[in-house]
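After this come two complexes, each holding chain A, first together with chain B and then together with chain C.
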Partner chain A sequence: MKVDRRSFLSLLIGGAAGTALSPLPWKLTDDLSIWTQNWPWTPVPPRGESYYETTTCTLCPGGCGIKVRKIDQRCVKIEGADEHPVNKGGVCILGLSGLQLLYGPTRIRTPLKRVGKRGEGKWEPVSWDQALTRLADKLKEVRAQGAPEKAACLLDSSRGTVGHLFRRLMTVYGSPNFFTMPSVEDAYRAALKLTQGIEARVGFDLENADFVLSFGCGLLDGWGSPVRVFKANSTWKENHATVVQIEPRLSNTAAKADHWLAIKPGSEAELALAMANVIVGRNLYRSEFVDGFCENFQGLKRILALHTPEAAAAATGLAPEVVVKWAVEFARASRPVALYGRGQGRTAAGSLRQCMAVMLLNALVGAVNRAGGMWTVPDYDYIGWEEPELDEVARAGLERPRADGAGSGKYTPASSLVQRLLGSGAGQLPEVLMVARCNPLYSLPENGAVKDNFDKIPFVVSFSSFMDETAANADLVLPEHVYLERLEDVPVTAGLSCPVIGLCQPVTEPRWDTRSLGDVVIALARKIGDSAAAAFQWDDYEACLKETLEDKWDTLEERGFWYDAEFRPPAWEDGEGKFRLAGGKLDEVLQADEIVPAGDPAKFPLILVPYDSIRLAHDYIGDPPFMIKAVGDDVLKGKDVCVQINPATARKFAVSEGSIVQLITPVGKARVRVHLDEAVMPGVLYVPRGLGHTAYDAYLAGKGINVNALIGSLEDPASGFDAAWGIRAKLAKV
Partner chain B sequence: MSSQEDKVKTLSETPADCQAGQGSGGGPFIVLFFIIGFVASLVVGWVIFPKVLYSQKSQPFDFNHRLHLEQVDDGCQSCHFFREDGSFAGVPKLEQCIDCHEDVQGESEDEAVFVEQYVAKEREVPWLIYSRQPNCVFFPHAAHIFGAKLECRTCHGDTGTSESLKPYEENRITGYSRDIWGRNIAGFKSNTWDRMKMDDCAQCHETAGIHDSSVQTGRDACFVCHK
Partner chain C sequence: MKQEQTQHRPKRYGMVIDLDKCTGCGSCMVACMAENNVSFKKDESDKLLSITWMRVYKITNGKPFPDTDICYIPRPCQHCAGQHEGHSPCVSVCPATATDYSRETGIVSQIYTRCFGCRYCMAACPYHARYFNWWDPVWPDGMEKYLNPDVSPRMRGVVEKCSFCFQRYQAAKNKAYLEGRRELEEDEYQTACTQACPAGAIVFGDLNNPDHLVHKMVDPDLKHGGRPRNPEVFRLLERLGTNPKVYYKSGRQWVRKAGDNYLPGEKPGADMHKSHS
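Moving on to the complex of A and B:
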């Protein structure tokens, strides 16, 4: 038989013909198309029964009610709870991505003891009992030396039962050093103390305002309770309220406001005081409030005399007529309100003077405790535990001054000044530091100095659920449940006008060997023993919570929140409380020098200012993968963060779009990518907060730079708050 | 062997013949090779391919539908029920079985496996599902059972009266069951339940004139089932 080329071709043709007449090609095509439409590696939630469980989001101070959609036991989606008074069904991008924090790879799965060098990442898993014993022994050791004040703890805030349990532990132990992370709420609180002499918080009746004068607040960038403010913004649009955004950069908020006043960074107080000057000078103030319920109007007038629109024009870069025009419009509106707190307001947001100046504007137009205005909201008082019995050591310890100086001397208005302690190293560093629900090694400015000081603290304990920068540099990690696994009260502040307590309830079983932080504190107190153990008599945290919330518990369990919808701030009545406009400490605050960014202008001709974005979480919680994907490439391109720079400035310094340069400030330098943007003022550079993590997972770590490593801290002379809103900077070739 | 060599030789000696296609000895062999190729590929396509395409898997243990159907009052829906929200529960979970199967009943080995391996250990049975549609398909049972008043057997055949479970054949490419394409590799069917491909859905939708647009997208055609 002859096998030649023709035979071979004929075999092939025969094969082709046969194949065409068989189902093979058609079936293969069909299967391949099904395969490509259902990639087997794409995760698909399991099928099963779908239902919702409600709880409260704690990823930011916003306090939104959420419902988690589950398929059988697996949580598959987070949505906003429709009937919740804070967010009314809305949810933000961070809230939506919460499941990635629950199921993601950065969870700490068991208590860990450091075995390598600090920060080296070498850990040994230990049992809860071992971990708690180790911490309790350390604490007992420090106490045995008669220096209980050398133990300290640092929390995101002192709110709620967990905050109170920590505070109680510190008290019976004998340490005054209970620190909380800085927030604009500190400034408001201090301002209330000085003007009204009360301990309370500030809330804003945003929905009813018809003229919103925002001094740099990122109303659409995550300020206050973010979803609530988004909704308020929709209400303003519907009601044709006027929103004026005062900010050097065209942020989302500025872009969506009715008017945008681009002032020089850091000149907010000058502008506010000049507006106050105009309002007083033109008799536009509400005399029923100012004459009726304010003290020392004359004193204020004297102070304001210096703050003419012309003076403000020089400071802000606005024409004097513009200052006058907006002062007049603000005062003539029927329900105006002025807001303070740069960006999201979750960092130390400037000097007390700026906050006070804005508060005075509210007072002059009578917006204090009035519909659509700024309200004084009493602190939550549902935690009425008996005072613990103190022993000798504790009493002596509590007498000693706080390491950060807060609450005494010139720092009287402040309740916690962690930046002073960890950033400037102003006070005595503790021997034992317990850190919960915050990430100071990442989110405090002057990052390098904070790290150096941190390294000097002999024993650091982290309660973090995630391997964040602080946990990675701790000696002992006692991981707590994430919010979807725990039971807890969430008293919401964040500028809400009415009191709302959310209930955080477990929607799923704990995934790892973690514990509720409340239980950890109780167990720790028991281990310390003596008076500490005696002060924590609850069976467990759940029992403590139920007992504490006694009369509200049923409501909380049933609805998921407790809400005082009827709340109205105390009305001003003759003979009762006065609003002080000037005098004493107030004068000192108002006349303090404005904060000038650190650095020599000759060497550092530019100014670097950090900005906040709703797509970048920058405190305890880092961006989950979903969220980091939503960051635009004019913010983060590849691994390079974009520094926003005005084209005119770029020309002057001979840099062009996309070029990679060194951004140098007096405290650090970093590699950045130039992004030309008309939306920023010439001479000012903008870098976002929330990038440049070294910890967390591959989705987040190593992307961009941490702007806190480039920013220094500057102490507000009147309060001790960190008032640095920016720093001098320059660009250099890499 | 030698004759073949000869031929090769001849071929190389007369290239012109070859190129012109006028070889005298090639004819019948060409046809033969055509036939060989043709038949071989038919065999591959019709016989070998289906064997290679599907892998055979057996269920965790056997199950007698007929026996169970006789015990229950509400037909198929006694176990394959609709949840309160209208979604279809599909294959029952332990929860439904546990009332009767807390302890081993009868002698069957399958029963013992079920009770010991699954019920006692509180593990759900990893049933292989013959009629699972690809993930890109949105198929509500409720619309078909309550809306169109179809019977279960229209799509699922007489499963309810079967006494044992047939082997599960998994398509190695798609990972889905053979029952979707149907037993017949050519795609021919004689009963409505022989195949569950898109064309089969479309056929019925066409005759019944279903143009109800998708609730989510408000659009007709593809979007009725592919959201």
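Moving on to the complex of A and C:
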């Protein structure tokens, strides 16, 4: 979209002509208005009692509190809940569009059994009992072969009672193959384990920071809990905090930051390590923390010695003085914090080396467990169910290695590596795959390979509420309620500094023949029978939820959330926990090779990097009509997605604004529209995530390309995480 | 001019948008669509045909990488007072009195049942804040369920635009009336975009009321059409004399310059550049 003052103005002339016209006789205008308004059907929304009901948004990991305005039984508007600790009344563009998901045409209305070929779209509606029986029979069949590890499930995350119910089901069943979708939270978790030896999550006390050094985090593009970060950004503006954004593209975050460091893509770790080198070399580190509570500072110094500002200058394209300047300013700030996680951080965990380098910067300035810094926040521990009894088959199955290799050998830091399994095809594919609350066929990079591997899985079950790409390619669909129809706990992580559990409560009757996912797991366990049934003794999911959250239930029901506002991370005390700076696996991580995009530079002279936009949802949920309407015409024009290219690069490759070209990478090619933009680095092409859906409705499907089909994955050598941030590319005539 | 029902102190409802806080996230656009039953089509990428009462424009400073800068400008109807209060560009040209300036609130209304679609007002509006319904709106089966009964859906052949969520003003007034009050509190009447903005970039209130934040931020010179006295605050195309009640705030000079007006043929400010989008 554009503001064009010339056209703002030019129409004023028309206006003047309008004034000069003698008014038409009133009678005529009346007739004319009746004629022009000869509308066949315009709905008249029924009136009724207006009131609000509160619940929690689950459309992203953010965990915002929302209130739904209702007119009698209809939901008419979603607004932010003012008293909620996460979003304090604000709400993002996706959250605001939620009713279009509730009432929209992409809902799956009843359990479905595939009758045509996979992905052909031919379904037969079946009853819940038939659907559950079919799935249970499949699972029993696999188990009867003594290979329970061949059943797997893939969820958005393992959090909350629903995540735990699935995990419990896999455990009694005997499969170690419980997968979750990748996120930067995986990398933070691994880094915490390596540096502090604890299983916890990372939170950031953003609001109290006075210097924010962001290594490509899309703070205003949907990173973390999006509304919370927007609000933190406004707080930074009011408090005159300094925000430095490091990335090759002028994203919304970079545009709003006080300083934008446009570095070459992929050089973040080099820059972070060089800044650490400067901080150590100039004695700018906080010795109370480093000398008092850190281990192996000497080891770190040795590693940092190679990472001079000059080396970083070569890697990043910044001048050495610039590297030094920002390292010094960061270290001298009173409450600095450094942040890791490219874009929204919900596509891949990324390079553990980079995450670690950023974490070390926080350690050197003492920004660990301190106001305005990086906090270690204990995992939610309210789920204290008794361990289930395991039978012989289950015990044997659980002994077998995970199909993705996570948690052992060189993949020890990782807890789930679904990209390895479904993208690279490493490890044995499951016989039965159950997919809930994610859309791997769309949102995993190396999309083509993921699809091929999916096709090899004999039985795929989707629990999606929407006919997304994964559901469309499943054999059986057991649709769950959408968030506005269900009761559930929503423990929020997403970088929050304090623990918050939201309560998702039904604000409307289920619109279709769907079920609560918790109830589906319980019913499934009963159908499987024996030890599985024995492990799920709750009457139903609601009973399970209330029992699990017993001591918090009243608060949850009354306020809609439970919040530990007083939470402070453990203070560092002598003798207790240490922060490891180097040694062992840490050295391996820090000295791992830099991730280089795939492809031969001679054949592919450019680099393609996907970017995240707050106006394009790109994981489980696809853009509802309102949201796609808000996408600019510099992003999507007709059916063509715009590739952002620097004008100088465009000249070099003889392409011009608006021309249609082929964008080719080593893994795929697609038709795109050229958009010249000074906001991107010469030589680098940018395409947004979130377009190119084949499923969903006519408002979203068939628009643009799925950039995941052009991007490969690259295994981080120290963890197995997918660390690809881009790929080599070229442009060609269509 | 028809008799205005005036209360003892007329209001001039207006808005200040802090462009340094605005992140371009688009929440305001969608909050508005949801509140005001704005329709949508299968393809909304032709922005001339895309109905968005609130639209977030993107401008750039036109400098090459990496000196480029971007700013987003959310643009609702500016509720222009005109040279003399009530002479809004659009109101003056409407032959059907389908759009009117309220002296009670300063809000420029749009009455769909009177509008017969001549589109003079669209031509007259220098801010492109008005949209014409070329087609009847269609909600996919079931989606009409979320429509707000306080706002009538529009039909083919009429012009529509931002009303400062006038239905919310009416609801607040009704509530106050029932409670025996004549005046509204500042937070009782807020527009949907203001309420939704996750960055808190939009402030809405009565410019005539010195206690309201909008008044404090703008420090309007009421003798001169409400011109802002705060040097960081500006209005779009100030020199046209439309006297809008939507103000913008930015600490960045190039942004303030870009928002100010120039006459046809006049050279834009050196650091102003039209974006390619």
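The definition used in the following text is that the second predicted complex is superposed on the first by the 688 of 734 C-alpha atoms of A that agree within 3 Å, B and C clash if a C-alpha of one lies under 4 Å from a C-alpha of the other, contacts with A are read in each partner's own complex, and residues count from 1 in each chain.
By definition in this document, a contact is a pair of C-beta atoms (placed from the backbone, for glycine too) under 8 Å apart; a residue touches a chain by one contact, two chains touch by 3 or more.
Treat the numbers as computed from the prediction; the structure is a model and nothing was measured.
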item: Contacts of A:Ala331 with chain B and chain C, given as first, second, both or neither; value: neither
item: Partner chain in contact with A:Val91 - chain B first, chain C second, else both or neither; value: second
item: Touched partner set for A:Val227, first chain B, second chain C, both or neither; value: second
item: Contacts of A:Val674 with chain B and chain C, given as first, second, both or neither; value: neither
item: Which of chain B and chain C A:Arg47 touches, first, second, both or neither; value: both
item: Partner chain in contact with A:Ala262 - chain B first, chain C second, else both or neither; value: second
item: Comparing the two partners chain B and chain C, which touches a greater set of residues in chain A; value: C
item: Residues of chain A that lie at the interface with chain B and also at the interface with chain C; value: 1-8, 10-12, 14-19, 21, 23-24, 32, 35, 37-38, 40, 44, 47
item: Residues of chain B defined as touching chain A within the complex; value: 4, 7-8, 11, 18, 21, 23, 25-26, 29-42, 44-46, 49-50, 53, 83, 85, 87, 89-90, 134-136, 171, 173-176, 181, 185-187
item: Residue numbers on chain A that touch chain C, as the complex places them; value: 1-12, 14-19, 21, 23-24, 29, 32-33, 35-48, 71, 74-80, 87, 89-93, 96-97, 99-100, 102-105, 220, 226-227, 230-231, 233-234, 237, 250, 252, 255-256, 260, 262, 511, 614-615, 625-634, 636-638, 646-648, 657, 675-682, 697-699
item: Residues of chain A touching chain B in the complex; value: 1-8, 10-19, 21-24, 26-28, 30-32, 34-35, 37-38, 40, 44, 47, 49-50
item: Complex contacts: residues of chain C adjacent to chain A; value: 20-21, 23-27, 29-31, 33-35, 37, 40, 42-47, 50, 52, 55-60, 62-66, 68-73, 75, 89-90, 92-93, 95-96, 113-118, 120-128, 136-137, 139-149, 152-158, 195-201, 236-237, 240, 258, 261-264, 268, 274-277
